[in-house]
Amino acid sequence: MLRSREEYVARLLKMRPNLYIGGEKVGRDDHRIQPGINTLGVTFELAKDPAYRDVMTVASSITGEEINRFAHLPQNPHDLLQKQKMIRIYARRVGGCIQRCMGHDALTALSICTKEMDEEYGTEYHGRFLKYLKWYHENDIDATCSQTDCKGDRLKRPSEQENPDAYVHIVEKRQDGIVVSGTKMCITQAAYADELLVLPTRALMEDDSDYAVAFAIPADWEGIRMITRPVWLREKDELGACPFAKYGVSDSVIVFDRVFVPMERVFMCGEWKYGRRMALLFADSHRHSYSGCKPGVSDILCGATALAADANNISKVSHVREKLSLYAGASELAYAAGVASAIYGERTSSGTFFPNEIYANVGRRMTGEMIYHEYNILTEVAGGISVTLPFGEDFDGEETRADLEKFIVRNSKISAEESLKIWKFVEAVGASAMTSWYLIAGVHGGGSPVMETIALNLGFDYGQRRDVARYLAGIKDDLDDSKLLNMNPAFGDRLK
Amino acid sequence: MLRSREEYVARLLKMRPNLYIGGEKVGRDDHRIQPGINTLGVTFELAKDPAYRDVMTVASSITGEEINRFAHLPQNPHDLLQKQKMIRIYARRVGGCIQRCMGHDALTALSICTKEMDEEYGTEYHGRFLKYLKWYHENDIDATCSQTDCKGDRLKRPSEQENPDAYVHIVEKRQDGIVVSGTKMCITQAAYADELLVLPTRALMEDDSDYAVAFAIPADWEGIRMITRPVWLREKDELGACPFAKYGVSDSVIVFDRVFVPMERVFMCGEWKYGRRMALLFADSHRHSYSGCKPGVSDILCGATALAADANNISKVSHVREKLSLYAGASELAYAAGVASAIYGERTSSGTFFPNEIYANVGRRMTGEMIYHEYNILTEVAGGISVTLPFGEDFDGEETRADLEKFIVRNSKISAEESLKIWKFVEAVGASAMTSWYLIAGVHGGGSPVMETIALNLGFDYGQRRDVARYLAGIKDDLDDSKLLNMNPAFGDRLK
Amino acid sequence: MLRSREEYVARLLKMRPNLYIGGEKVGRDDHRIQPGINTLGVTFELAKDPAYRDVMTVASSITGEEINRFAHLPQNPHDLLQKQKMIRIYARRVGGCIQRCMGHDALTALSICTKEMDEEYGTEYHGRFLKYLKWYHENDIDATCSQTDCKGDRLKRPSEQENPDAYVHIVEKRQDGIVVSGTKMCITQAAYADELLVLPTRALMEDDSDYAVAFAIPADWEGIRMITRPVWLREKDELGACPFAKYGVSDSVIVFDRVFVPMERVFMCGEWKYGRRMALLFADSHRHSYSGCKPGVSDILCGATALAADANNISKVSHVREKLSLYAGASELAYAAGVASAIYGERTSSGTFFPNEIYANVGRRMTGEMIYHEYNILTEVAGGISVTLPFGEDFDGEETRADLEKFIVRNSKISAEESLKIWKFVEAVGASAMTSWYLIAGVHGGGSPVMETIALNLGFDYGQRRDVARYLAGIKDDLDDSKLLNMNPAFGDRLK
Amino acid sequence: MLRSREEYVARLLKMRPNLYIGGEKVGRDDHRIQPGINTLGVTFELAKDPAYRDVMTVASSITGEEINRFAHLPQNPHDLLQKQKMIRIYARRVGGCIQRCMGHDALTALSICTKEMDEEYGTEYHGRFLKYLKWYHENDIDATCSQTDCKGDRLKRPSEQENPDAYVHIVEKRQDGIVVSGTKMCITQAAYADELLVLPTRALMEDDSDYAVAFAIPADWEGIRMITRPVWLREKDELGACPFAKYGVSDSVIVFDRVFVPMERVFMCGEWKYGRRMALLFADSHRHSYSGCKPGVSDILCGATALAADANNISKVSHVREKLSLYAGASELAYAAGVASAIYGERTSSGTFFPNEIYANVGRRMTGEMIYHEYNILTEVAGGISVTLPFGEDFDGEETRADLEKFIVRNSKISAEESLKIWKFVEAVGASAMTSWYLIAGVHGGGSPVMETIALNLGFDYGQRRDVARYLAGIKDDLDDSKLLNMNPAFGDRLK
């Protein structure tokens, strides 16, 4: 089933008001989260647009019906490649983060990990999850992932914290469900999602078994409070604001205050050994999603830089051309990492096809290390104007309009009106509240570079490289190439 | 003479209202420029504080009376070292740009270039300038430099522009003065300065002689309109805002609409050959000033990062310590470049002591290339919270206060109150409107890295290095070391 | 047909001596090129090894017989993925450059460009080439590509050069063939290849039509002189030298002194418009080959660094682990670029499947920019010993053996003998004549980063990004996503 | 007293043969160390050259007589500035490392630390050292510093090692002296120095007190064996070799086999608390010396790159100019760090003037991080020829001379002969055994970047920066600027 944008919004408006913004308790009709709703809305619109349908929708592996691809469990490399492309298309259209991949990546993680727990413990999580997912598909639900706990002291594990609510955990187990408490933070999209998919955020030890908990819950459920921080306040309500200004994002601190979760929505309950697995399944799937969105962000930065160069009439200057080409490198290397991750992914026991972790991590790390530099390039080419541009009202002011109309033109082939639009856009991209959000999300979203380094140090086969060196050094007589020889793409034979 | 902060403000309030902000014509009492006035105010306060007097004031080389060091023409290396230190102290106190060095660097440029023009052309600019400076010293005036023209098409010189007002230029020469028109942009501090020191912004050709013009003019003079863009709107008026939030900056587009400049305030009038010289004298002096302020900015970022690490309880983690040490490198290499520039500076024919250009340029370029990376480090250590922190009102909200008080503590040795102050500060430094301003000013203020590369390619003695290579390659029999042998510090013998 | 290593060598030994090394005219039995012959020999050996056959050989698209993959025209993405893997395996085994891909990439370029010229001009190059290739396949020939001309003045085109022999060109056209003269340089492998595949090196104008020439010729043909510069003189002949020391490389300046080329071996003859096309077809195919070899080189460096860390007993130190992970990023991003290039490649009119240029270029550029840094990491972890290690003889010296045996052990779990092998290997990798060769080839082989930037500035679709920005800025009402929507992998549907 | 070059050599030739090179025991007349002797020779020659005397010599603070500056204890900032300049001049003349600063920095460390130990313990080291230094000055002695122990397991302190000889230590204390054993490594210059100044290499604990030992000893003393590894074997003996090829370096493993040290040459004997102090005094002084030599190395690389650009006729190409300017940044920032270190140095209790550690460390670290990149620039501009250049004999070969003479010219303004000299030089600088040595010494000599980061994390005043942040964040009411206010240059008042 595919809901319309209007149906998505109508459901939101029926929700219990449990948002807090700037000291007020508000509902989903608060204008400060409208930009986020606009963003999500696009995912409902394009899914119904015939031109986009092939990419944005897919036949459900559960029901066989057409569903939004964000709700789909990938079944093969093609699904992952389509996901990458879909996310890049959305990113280019909404000016960056489409937000809805969080739900997708959480579903992926849950589908795999529930199966694996069942295999080890004989639990019934997977069936329960598939039932939930059927409902999800049939109703075109939008969930966000609620993973990052507020964590308290970074040097202590969950059960060691002074504040027990630093991580979400089970406080009571009942026949019909569990009661959970704790605090999540930095949860993008939560304020305008239908559901929350709650997962553990890290590896756990036996002491932490109460913290090994995963479940799905409506975002306005009893006991849930969201303290929401919207980005991009300025100008969004202006008439004639550019599309970039109309889209936006928010993050929430989510307080779980003795929240009852019915048993049919509980997908992990004490299996602490799977804490790390669940956390990494989400993280690695999400890092693969970055191979779609980060190239989209680079495309936007590249376009903004190119327009700034045009407006400055310096597009053909040698160092400007060299700088522009940096975006080609950044976007396409990130995209390539996603492609390789898809091609060398593997089918898990659940049937869900999962991207290759090494490629997902090297790609995500590179983008996290590059993001500040990409904005730097925009700034270098645009010049100081992006932060000194007079306010819009002055371009309309009686005494200042004529001055500023002459002032704004630097390339006689571009009109004052278009020049102003370019510089307003460059300001919005490179020197606004959204800039800070994209810089910081660019570093930390999906895990910061340090996290990918840790993941690589765990997953990368250094032993194989040591053996290459031992062979070439004459320490080992033979070099066993079998791992590399047998590193074949999934479905590889079909590529002949 | 040293004015008090109150005298500075009182004079501003008497000025003709010629500012335009957000579509309104306003006076110097507009609250949106108050943060900038607060910043300048500190330069009047500390100059009268006995603890700071030795650094912040100096005996005028014109009148012998005690003056603010910002108004002083440097006479020796000591003056430049004190200027560096003064600017760093101010930067640390106001959270970054003290703004007043612009006037200082313009006075330096005018003092030297007027003398050199007189020597070549027999003009009387230097005496005229000294008379102006005497008044300036006697009244503790604050001027900003008004250099950057709006420039129009970057590939054309001033006289080639379609829009003649793309650069400020002479439209009429009279017995008693000149009439000028044109537009300057990105002029920091102009909205709350007493005077504007107007200089050419680039090298000029004979056709451009009308554009070879320099003068001083009160900032509210007839025919001057300023369209002002203040930064840092949010929170500055809040009760209990932190000092960082109280200080701020603004930039102006300045329209010169047939402005009459009396002859005694005209310091260049058609001498196009000196266009580049005047432009570079300001730029190089200003790049030396950056060797004081950029280390101050790094100190602030270093402190913010260290507090964020403390609040996250990760100060002793290996990669955090390594990242912190980057600030030590950035700040001290920039400072060292300023020191070398002072020590190897030279006395000009005017008597003004001028910093060494090569050192000023290598230092400024490095800081321009590093600034985005420095903010990146802060972000890496601070994490996502700097851009997802709930609004201040929610920390006071009845239903959310208790949740957020627990939420904000990550290190049991730091109270909730202090933790919140740290994170609000980290947000203000790393994810606010000021962030964008400092990132972009960090790249472009005083000339972007590309400009320093150009300056180095002009001024760096590549021939000397080629000769070293020719000697070592056996192409030249001898190596003439005399340039390096004779590269001695100014006042060098006194260092024994 | 698959020749044995012995058959390859035997054919070399029958060739006319036309090599010049160190002032002597020598044959292919000169010991200084033995390391290169050892390297090529591996490509004959593994092709006959059952464990490797699937990767190293393939059914010829011409004859249907099993041939060495280096001689194969890729027919599909699978062929390109196998090529990547093959090259990486060889690189790990011979310590770096396997050299034989040069012939492969030249055959690819010739197969495509001959077809395209025939289509435009009605010439008969393609059939002629296929006939040649049949012979090539039937005899398991090894050719190198001979592309880089000595070029003379870089600011002038071929026909503008003072020295007409700066580029290889046609000096006479006869009924039965052509006569060519000129000089090629930096031609790796030429001294021990059967054949030379000669291609133009750059875009040409009409004046340059004599320089538009491509052909195949035996490496010892009348009129050809090779002045050969072998690398890796030291230790290779030592008993007990490690495998890394036994393999090596050489480059040649090749003088064509009125060389007659029979018509059936001429594949371009005056079609100057196709100069750039042929040059880029080789370059882009070769850049794709780098996505196999550079990861192999990174694997070797990673292994050397890991062994050095083991020998220093610092493998678990935090900064060492972080540095090791850099190799994971470098190798896998480069490999991923190759994978994406294969997956998004396209079938040309000739039937040859060609890698995607954008991905080939972003990958190659990144490796060219990283190579010095990769060696830097090895040096940082290994320490000064790699360049101060006493000579091997001293480890055997009567009076010094005992001292050095104690000296060499830094980790009690690693014996003196193994420690010494590690450090000799680290020296060989990081501080030997081969080091310089790999550093410089790492930058320039296949085209330096500047060349890839130029290629990207030509081929990257900046217009698409400008349109994204125009849409988001409100300049264009609509965003046409069709290019990205339709960017599908070759054979994409098979990946479902 | 100033010895002539001949006197220096004559003394060497009288020494006991205790060198081992390539399995042989040899004397100081072995041709493989001649390049090192040539290098040192220059320090004797220029000291007697009137044009250089002011810089290269100075009045001894002990005897008042003129001595070589390398033997001088700095007394003021001027001495440190002259030392910097001296080392840069020598570096440019010998193609890099002048080697003799090692002795200088060891003397500096000994002069200070002996005084401080005497002050704490009432020992008599300082007087003993001054007596030794008097002899040193009166005889124009050349010593190298022998600091780096072979260290064994990096995770263990000296007394914890399995191999007690991993560090030099006291094995017996006698009335008239001490007996020491152990192994030093990476000791540059030792093979042709008169004396060894032996210092501890790291911080020590009480258990390590036998390792707290410092002394001076003739390099051929009984019980000392040096296993010497010379660099730069090839071409140095050729007739007509370029100066770069004539100079060179060697490093030695030095075995102390129960070496008796007379008491008057013992300068530390068990004072383990001063192990770190002595080690750092040498290291920091040596890091200041790098602020002279590394700019010299950059000058050579800059010149080599500029000549390569000339020979390629690309000197005016935009990206080449930008790359060249990188050397200006690298060399002058490093030099500036040295200048600031001198200006902000301090007089120690011994009277010796010591460079500021923070500036010495930030400068040295930057150069260590840049060195591979600097060579990368040379390679980018020079192209592949530096590693594929035919051997010299082929340029003379009868059949190849004419070909190669045409081949080598790429700029018609530069003759074949000069072109060849340029490319031979570029090869020698960028692709020879010396290249590896300079790359690796560039990272590790004087302490690798990791060591400077550690030094900065100890010495940099992070507390001051935290206080800046606390003030701006509103955590502390006041900002105490006194440290920065009082940060004055040594001799600062004289700069007025």
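Which chain is which? They are A, B, C and D, in the order written, and residues in each are numbered from 1.
Everything below uses one rule, namely that contacts are C-beta pairs under 8 Å (C-beta built on N, C-alpha and C of every residue); 3 or more make two chains touch, one makes a residue touch a chain.
As the structure is a computational prediction, the values presented were derived from the model and not from experiment.
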| field | Result of counting contacting C-beta pairs for A-D and A-B, higher pair | value | A-B
| field | Gap in Å, rounded to a whole number, between the CA centres of subunit B and subunit A | value | 39
| field | Distance from the mean Cα position of subunit D to that of subunit A, given in whole angstrom | value | 51
| task | Send over the residues of subunit A in touch with two or more other chains. | result | 319, 322
| query | Chain adjacency by touch: line, ring, star, complete or other shape? | reply | complete
| Which of the residues in subunit D end up touching subunit A in this complex? | 318-319, 322
| note | Listed in rising order, subunit A residues that touch subunit C in their complex are 51-52, 54-55, 75-79, 81, 85, 88-89, 92-93, 95, 240-244, 299-300, 302-304, 306-307, 310, 321-322, 324-325, 327-329, 332-333, 335-337, 339-341, 343-344, 358-359, 362-363, 365-366, 418, 421-422, 424-425, 429, 453, 456-457, 460, 462, 464-475, 479, 481-482, 484-485, 487, 489, 491-496
| query | Which positions of subunit C touch subunit D when the two form their complex? | reply | 20-25, 148, 150-155, 162-163, 165-166, 183, 185-186, 225, 227-229, 231, 251, 253, 255, 312-314, 319, 371-373, 375-376, 379-380, 383-391, 393-394, 396-397, 399-400, 403-404, 406-407, 409-412, 430-433, 435-437, 439-441, 443-445, 448-450
